[in-house]
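One chain, chain A, appears in both complexes that follow, with chain B as partner in the first and chain C in the second.
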Partner chain A sequence: MAPKRRTSRVTRNPELIRGVRKHSRSQMYHKRGLWAIKAKNGGKFPHHEKKAAVAEAVAEKVSKFYPADDVKKPLSNNRKHKPTKLRASITPGTVLIILTGRFKGKRVVFLKQLSSGLLLVTGPFKINGVPIRRVNQAYVIATSTKVDISEVNADKFDDKYFAKQVEKKKKKGESEFFEAEKEDKSSLPVEKKDDQKAVDAALVKAIEGVPDLKVYLGARFSLKSGMKPHELVF
Partner chain B sequence: MPFKRFVEIGRVALVNYGEDYGKLVVIVDVIDQNRALVDAPDMVRSQMNFKRLQLTDIKIDIKRVPKKKTLIAAMEAADVKNKWENSSWGRKLIVQKRRASLNDFDRFKLMLAKIKKAGVVRQELAKLKKETTA
Partner chain C sequence: MVKGRQGERVRLYVRGTILGYKRSKSNQYPNTSLIQIEGVNSKEEVAWYQGKKMAYIYKAKVKQDGTHYRCIWGKVIRPHGNSGVVRAKFKSNLPPKSMGARVRVFMYPSNI
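And now, the complex of A and B:
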């Protein structure tokens, strides 16, 4: 047999100085082609799927008009906000104490966090008059008391549910001016009342299972003499 | 008034300042006028100023600077833990700790219980008053 002609092999990874080679571990992995080993990729070489040719977008017709001075374009901003990080002490079913607004001091049950970051909360309405409402995490104390919330379905509530109803403005004529003064107060639509009842039905049952919890939720929280908030365990 | 609680080897003391606040320790040696060598089953033997210690009534029988094993055995023999928890001082501390760890719900339930108890007491008092006036 003819002797094999060996081409003098140049090293793939020459030594620059004692102890330091030219290429890193990951660079050598690629140079040696270890990523393309057939046995790893199911018997064949790895390959990209052929991309379908993208149809060229029809070029827009440039209009003849352009402003006299250069108009500055605002910088592009593609940041998307994440919902506020939920405190570890707030989990579905936690009793929260609301600190501001007309329901301040009320103890309320937490349902879920909405995509805007606000907390979805309900009284329940029958117990303390707090409806299904959104509340900011910053204005809330989380207690360590939890209510069993497994039977409650809060999926249909999101931020759009709480958007203000836009009424079409009616043009007022002179004659209707005095009559229009007494606009009837918009009462809650029936669906919202039914939603409240549906959520509260399961919740109230779970609450009545725990002694004194119903009275607890009906009472407001207040600081009494001698109570030091920084020392209180909630 | 004669002193009743002395600094001596084997005296159990309560730490009232510093890292080991609230722990019961045993004085195992006296270093000088101000400091004692102090040891407890769950801490490394260390020196402590007397000003950080409050002496208790409890004393155990040990020799100067005993080994940890001997110390623990002596504490078991003297039943320090139970004596402490049954003493009025020890009971007060336990109650204080419990009160500090009360939940908001627990505090509410406590308030309801207090009101109930006061109501019952007042009823009895009213009954007794009626009997004395009648």
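And now, the complex of A and C:
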């Protein structure tokens, strides 16, 4: 039952002086009509039934060990971060310019925003060498060019996909020591290459449908002499 | 900067000149520097650059982290006056020899 809005309660007990009211406790009992409420309820005040007492927890075995000093419990932190708010100019299929990092200047297609707030982006790889990658919104300029992304399925990508591969630690035997180090960590597992191809297949088809878009994505952005970013329309 | 890559050089920063420190006639305050950004000529144009990161890059004799180049990072804080000059704060104050030197004003953190 939703709580009803009551009219604000007014005291019937005027203040004579600050701290001194006119009527005593027993006089107020009478004035408020609490005697009538009691009579209506058969001699006692109406009250909610107490909830059934929770069964006594099984007596825990008292531990013999106590820490020497009181250990402070860290305050609980239940804050959950929301993903970064996506700029209105960035929608799935927008061409973005990456400003920083290995692929700076590359024009790239935006796929979706991941739960960490980072943007999922792909070159496509065949066109400009940018793989499926995460990029931070602040290091990206959104252009007004859009690519049709309806055929692309980016559902399987999330932040865990990009987590670093943890190698199982092997027990170091003297003989194995040097050989184990030679395992190549740098080659990409085949599944990732296949994922790239799958995403790019649909994307490249959409790109080739638009004149010059392929060349556009292959070219890098650069500021030239006389270009003022604050006057450019992207 | 990735070594060994011949690829095309892209300039993704705007050139700027370090004019000096924030100062009055006889006192200067080295924690804030004044920067003239190329192509920016009025207070209104500076609004786009506010918050953008900038880097003062210089060379040193001793190699640090595998390179002779070193960098002091900073950012654009606010306009200075009416004509497009900008105030900037750096992680550590700019050295006085940097007056008149080049500074790179990047286009990030971007808001476009």
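The rule is short, and it goes like this: the second predicted complex is superposed on the first by the 157 of 234 C-alpha atoms of A that agree within 3 Å, B and C clash if a C-alpha of one lies under 4 Å from a C-alpha of the other, contacts with A are read in each partner's own complex, and residues count from 1 in each chain.
Simple rule for what comes next: contacts are C-beta pairs under 8 Å (C-beta built on N, C-alpha and C of every residue); 3 or more make two chains touch, one makes a residue touch a chain.
Keep in mind it's a predicted model, so treat the numbers as computed, not measured.
Using the contact criterion defined above for the overlaid structures, shared-chain residue A:Leu118 touches neither chain B nor chain C, since it reaches no partner. In the superposition on chain A, A:Val215 makes contact with chain B only, while chain C stays out of contact range. With both structures placed on the common chain, the touch criterion links A:Arg87 to chain C but leaves chain B unconnected.
In the superposed model, A:Ala202 lies in contact with neither chain B nor chain C.
After overlaying the two complexes on the shared chain, residue contacts for A:Lys228 are found with chain C alone; chain B is out of touch.
Contact with chain B, but none with chain C, is seen for A:Ser144 once the two complexes are overlaid on the shared chain.
Contact comparison for chain A: of chain B and chain C, C touches the greater number of residues.
By the touch criterion defined above, A:Arg102 reaches chain C but does not reach chain B. Shared interface residues of chain A, touching chain B in one complex and chain C in the other, are 221, 231, 234.
Interface residues of chain B, counted against chain A in their complex, comprise 100-105, 108-109, 112. Residues of chain C touching chain A in their complex: 2, 8-14, 38-40, 45, 47-49, 106-112. By the touch rule above, chain A contacts chain C in their complex via residues 87, 89, 99-100, 102, 104-105, 138-142, 220-224, 226, 228-231, 234.
Across the complex, chain A meets chain B through its residues 95, 97, 107, 143-145, 212-213, 215-216, 219, 221, 231-234.
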